Amino acid sequence: MSENTIKRHVVGIDVSPEVTTYAVVDIQGGIQAKESFRTTDYPNVNEYVSALSEKIIMLVEQHGGYENIRSVGVSAPSGNFMTGSMENASNMPWKGRVPLAALLRDRLGLAVALGNDAHVTAVGEKAFGAARGFKNFIVITCSHGGVGSCIFLDNRPHLGADGFAGEFGHLCIIEGGRQCSCGQRGCVEEYASARGLAKTAQEILDTTGKPSVLRGVENITPQVIADACEQGDEVALETFRQTSRLLGCALATYAALVDPEAIILTGDMTSYSKWMMDELQSSFEANIFPNLKGRISLLISPLNNSERDVLGASALAWEVKEYSLFK
Amino acid sequence: MSENTIKRHVVGIDVSPEVTTYAVVDIQGGIQAKESFRTTDYPNVNEYVSALSEKIIMLVEQHGGYENIRSVGVSAPSGNFMTGSMENASNMPWKGRVPLAALLRDRLGLAVALGNDAHVTAVGEKAFGAARGFKNFIVITCSHGGVGSCIFLDNRPHLGADGFAGEFGHLCIIEGGRQCSCGQRGCVEEYASARGLAKTAQEILDTTGKPSVLRGVENITPQVIADACEQGDEVALETFRQTSRLLGCALATYAALVDPEAIILTGDMTSYSKWMMDELQSSFEANIFPNLKGRISLLISPLNNSERDVLGASALAWEVKEYSLFK
Amino acid sequence: MSENTIKRHVVGIDVSPEVTTYAVVDIQGGIQAKESFRTTDYPNVNEYVSALSEKIIMLVEQHGGYENIRSVGVSAPSGNFMTGSMENASNMPWKGRVPLAALLRDRLGLAVALGNDAHVTAVGEKAFGAARGFKNFIVITCSHGGVGSCIFLDNRPHLGADGFAGEFGHLCIIEGGRQCSCGQRGCVEEYASARGLAKTAQEILDTTGKPSVLRGVENITPQVIADACEQGDEVALETFRQTSRLLGCALATYAALVDPEAIILTGDMTSYSKWMMDELQSSFEANIFPNLKGRISLLISPLNNSERDVLGASALAWEVKEYSLFK
Amino acid sequence: MSENTIKRHVVGIDVSPEVTTYAVVDIQGGIQAKESFRTTDYPNVNEYVSALSEKIIMLVEQHGGYENIRSVGVSAPSGNFMTGSMENASNMPWKGRVPLAALLRDRLGLAVALGNDAHVTAVGEKAFGAARGFKNFIVITCSHGGVGSCIFLDNRPHLGADGFAGEFGHLCIIEGGRQCSCGQRGCVEEYASARGLAKTAQEILDTTGKPSVLRGVENITPQVIADACEQGDEVALETFRQTSRLLGCALATYAALVDPEAIILTGDMTSYSKWMMDELQSSFEANIFPNLKGRISLLISPLNNSERDVLGASALAWEVKEYSLFK
C-alpha cells in the first residue's frame, strides 16, 4: 500500500558440486554480502537445505533484514525452472529428482525460483552483462566440468516444451567420436570441457613426435596447457586451436538454426580465450551459412567469474511471484 | 569479438518543458554524472538539439568516454516510441511533429530510443523501482502538469496499435464535467493535476462557508494545500479527499478492464500521498469489480523524483539496437 | 508417428442459462453436426455433466468417431480459462465455483478448455470472423442478458493477472446511475442490455409526453422497440439513440486506454444495429482521444448468432494440450 | 463500419521454379478456385509480375470479386518475410534481391505478405494441418529440390534476428562430407534431397556387389528407388534406410537445441515415408538427448501436396495489415 512495503533485496544462491555460494543482492545488482561453504559437507539433501537456510537467514539479518527480502533465486546443476527441481544431476551426491525450490520455500517462507546453470547465467548476462540490449542471443557456458547453453528469443529465455532446450553440450560434432557419459558419441562436451582439452592434448602428444613441456605431465589441466602456451609450446597451442575449430563449427550450426544477434561465451574456460578466440572466430565464420556471415557477434562475458552465478541467481529471483509466509 | 568491445554506459535524457536533464548511467542503473539546463533557453528545436548534443559529448568525455556509450534514451512530452518523435506536445515551444530521436542520432552518431513520460517512467519502475518483479501492471504518472499512464502486460509495455495506449489522463470521470484542453469534458487530468486540485479547493471554498487558510490565497498550489492540511484545515483536507475519491474510482475502472497485479503511482504529486492514500485506497476498493477486491496492490514509487526520469530514460536506451557511426 | 494419428475434429460446447449447444467441428471450422438441449432440465451440475457427456459421445460416434476428436472447448458463463471453472455465475442454477472443465475431462477422457462468453467469442472472431487479421482488438459481447468484452493484444487474448480482464459491462458510465446487480451504480450493462433498453424506453415515456406505441406495453423487449422503430416511433428511436450515445462514449474510454485496431460488436443485440450504428459511431468519434480519431474501426461480427458460440468454443479447443485417456 | 466491409477472401500464391500456382481461398481455408502456369515462361521478373497480377485479377473477378479480397500471401524460394523480398534464390532465373511483395502490391493495390517455403508451410500446418494445437514445433520441408525448416515457439514463427533462422538443410551431418552448393560440406540437403538419394544409391551400387534393378539406370529418381523397394530391391531399401538414419540423427540434434513438442515432416519426399519412417524414428530416438526420449512426436503432414503451398500462402495473407489502394 505504501512505499515501505516494497522489498528491494533478493537472495541469490549458486549450488555447485564443490561449493555453495549465497548472497544478498539489491535491486540494482549490488552484492551486499556474499558467503560460501562446501556443498560436499552435506551428503544428505535435507541437512543441506537446513544448513543453507540457517546460513541465509543469518546473513540476511545482518544485511537489511528478512522483511526486506523479496524472493530467492537458485542456480543448480540440472535445475528445471518449470518444476523447481534438480533432475538427475550427474555430478551431485543427491540422486534423482530433488525439489530444491520447494524445500527452500518451506524453510525460508519466501518464493524461490530455480534454474540450471546456463539459464541462470543467461538471465544474469541479460540483466548485467554482455547480453544487455540484445533481444535474440545464445549464452554458452564453458566450464571445466561441462558445456551448456541457453537461448533468449525476443527478450525471453526459450526453455523448450519440457524445459530441456539448449542441450548444446550434447550436440554431436564428431560422428562416432569420443564416448560421452550421456551415452552418445562425439558430443561437444567431450572436446570443449577440461577433460576434453586434456584428451586432445594427449592425442596430439601420442600422434605427433613434437617436443612439448606437456609430455610426462600426469594431470593435464587447462591451466597447465595455458602456461605451456605462454612458453610457445606448439602442442599446447595446437590443443587450443583444435578445440576452437570444433567449437566454432558447432556454434555455426547452432547459429544457422537460431539466427541470433550474438553468442556470448561464459564460464571459467573463458579465462583461456586469449589462446582460443582467433581460431574460434575464423572457424565460426568459415562454417556459418553464407547469408549470416559477419552478422553475429561472438562476445565474452565481462562478468566476474566469482560473482556471475549469484548475480544471475539474484536476477532470476525477480522472475518469481512474490510470496511471504510471514507478511 | 572481445570483452572490451562491450559498452556498459548509456545516456538518459529527460526533456521537460522547463528543464532538460541528462546523465551518464551505468549498466546497473548507477548515475555516473548528471547535469541540466533550461529547456526554455532554446525556442528553436535545432539549436536545442545542437546545444544538448554538445553538452552530452562534454559530459561523456569526462565520465568514461564516448566509446563506452552504448546508446541514448529520451523521455519527452508526447513522445511516440514507434516513430521516435514528439507528436503535438501541447506544452512545448516546438510545434507539430518533432523527430527528436533522429535529430539526436544524427548529431551523436549513436542509437536513440524515445518515449513519452509515462512509458519511460514505467520502464524505469520495471528496471529499478516498484514494478520490478511484476509482469502485469499499470504505472500512473501524476504530476503537477498532467496525468498519464503506461500498461505493462506479460513483461512488456503495451503501447497500442498506434503508440497511444494508456490515455488515462483523458478518461472521463465526470459526465459533462470540467472543460479539458483536449476538447472533452470531465477528464481525470482536470481533477488530479495541480490545476485540478486548485479548482477543487476553490469550489469547496465557494460552495461551503467553512473557514480556511486557503481563503484569499491567490495561487493555490498543491504545496499550499498540503501545508494547510498540516494545520488541520478542513477545506484543504477535503480537497485531497475529493480528488482521491475520484482518482480511486477511475483507477477501479482501469483495473477492471486490464486486471493488473499492481498499480504504481509516480510523479511529483505523490509527495502528497500522506493526505491521499487512505481515501484513494478505500475508493478504489469500493468501486472495483467484486472478483478483483483485495487482489490489486496500489503502490507508490520508491524512486527519487529528481532521478526517476533519467533512470527510466537510461533503461529505455537499452531497448534500442546498438549502432555507432564511428565504431 | 504417422499421418493417421493426427486428430482433425474437436467438440465445441456453449453453455447458456437456457440452452446448451454442442457440435463436432472440423479443423477448418466446418460444423459437422450440432445439437442442443435445455440447460434448465439439470438443476444438479453432476447430472448435467453426465447427460452432456453421454450426448456428446453419441453425437461423436455418429460423426467421425471418438478416436478422431482432439479435444473439447467450452463457453460458459463466468468461465475462467486459468482455472477451468465457472466462478460465481450469477444467472446459473449451479452456485459458487463449478470446475466444469475437470468434470468433463473425467467423463470424456479428453482435454477440455473453458472460457467465458467474451473470451470464447473473441477466439472465434479471431479464427473465423471479423477479427481475423487484426493483432490488437477488442470484442464486445452485447446480449440480452448482459455485456462483456475481451481484449486481444499482439495476437493473444489478454485475460489479466487473475483471468478477469475486460469487465466492460461494469465500467461506470453514469456516476450514481442505475443500480447494478454487481453492487455498483451506473454500469454499462444496466444501459446496454435488454433490461437496460427497457428501462431507458420507460424513462423516456415517463419524462416526455410523446405519443408512442410503447405506451402500455407490459414487457418492452428490444424486439418490441425495434418493431416500433420500423413504424417511425420517436420514443423507440430515441431509446436506441440514447443507448448508442452512452455505449459510444464508453467505447471511446476503453479505446483510449487500449488503442486497438478495431472494436468488434457481437451478440444478439447486434440484430438492432440498424437503429444504433450511426449514433454509436458519432458518439465514439466525438468522445475519442484526438490522436485516435478516425483510426479505430467499429465492426459488427459477420458470424451467425446460432453458430458463433460453438465455433468459438471449437477454436478454443485447439488451445489446450492434447490428451486422451484411451490413446 | 458495418458487416459488409469485412473482406473474407484472400489470395495465396506459390512461386516454384517450374510452376506458379495461385488461388482464391476463403477465411476457413476453403479453396474457391485455383490455377497455375509455367514460371519458366517469364525469365524477366517484371513481365512475370505483370502476367501473374493479370491472371489473379481475372480469377478474383470470377470468384467473389476484387472488393472481397483482404490481402495476398506468397510462398517464394529464399523469401524473407521481414523484407518481402526473394534473396539470392539459387534455383530461380531472377537473380539477387527481388522485392516481389512490393512489386505485387503496386500492381494489385493490396497488402502482400511473403515468406520462404518452410515458413509458409509451417504457417499452413499451424492453421490447417498437423501443427494445429501445438505451441512449439518444427516443420521440416523435404522436397526433391532441397531441405528447409521453420521453428514455431509459443505459437509464433521464430524467424531469427535477420529472418534466416531454421537453415536445417545446411546443418552439417557428415564432417567433410559431400560438397554442397552453399560452399560447405556434409550438409543435410546433400543427403535428404532427390539428388542426395541418387548419390547415396550410386554409392551403395559402387561399393557393394549387390544385385539391383537400379544398376544401369541413368536417372535414379526417388520414385525409381521407391518402385525398386516395392520389388524388395535391397540397394533401394538400404538407400532409404541410410538416408533415414542420417536424417534421424540430424533431427535429434535439432530437437536437443529447441526441445519442441513435435516435428512435422512435409514436402514431396514424404510420399516415400513408407520406406523411411521406421528407420527415421529409431535413429531419432537413439540419438536424442536422454531427457527427451519418447517426448517428441514425429508427424507427417496430412495436407495434400498440391494444395499445401497455396493454403499456407493464404494463411500468411492474414498476417499482413489490411490495405487497399481503391478502398
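To keep things simple, chains are lettered A, B, C and D as they appear, and every chain counts its residues starting from 1.
Going forward, a residue touches a chain if its C-beta (ideal position, glycine included) is under 8 Å from a C-beta of that chain, and two chains touch if they have at least 3 such contacts.
Note that the structure is predicted; figures quoted are calculated from it, not measured.
Peer 1: So which chain is farthest from chain A, going by the mean of the CA atoms in each chain?
Peer 2: Centroid comparison gives C as the farthest chain from chain A.
Peer 1: Among A-D, C-D or A-B, which chain pair copies the contacts of B-C, with over half of them the same by residue number?
Peer 2: Repeat of the B-C interface: A-D.
Peer 1: So, what's the distance in Å between the C-alpha centres of chain C and chain A?
Peer 2: 49
Peer 1: What is the distance in Å between the mean C-alpha positions of chain A and chain B?
Peer 2: 39
Peer 1: Could you work out how far the Cα centre of chain A sits from that of chain D, in whole Å?
Peer 2: 37
Peer 1: Considering chain C alone, which of its residues make contact with at least two other chains?
Peer 2: none
Peer 1: Touching residues of chain B toward chain C in the complex: what are they?
Peer 2: Against chain C, the touching part of chain B is residues 87-88, 135-136, 149, 151, 153, 158-168, 170-175, 182-184, 249, 253-254, 256-261, 287, 289-292, 295-296.
Peer 1: Over in the complex, which chain B residues touch chain A? Could you list them?
Peer 2: Against chain A, the touching part of chain B is residues 1-3, 5-6, 8, 27-30, 70-71, 128-130, 132-133, 155-156, 273, 277, 281, 297-302, 318-322.
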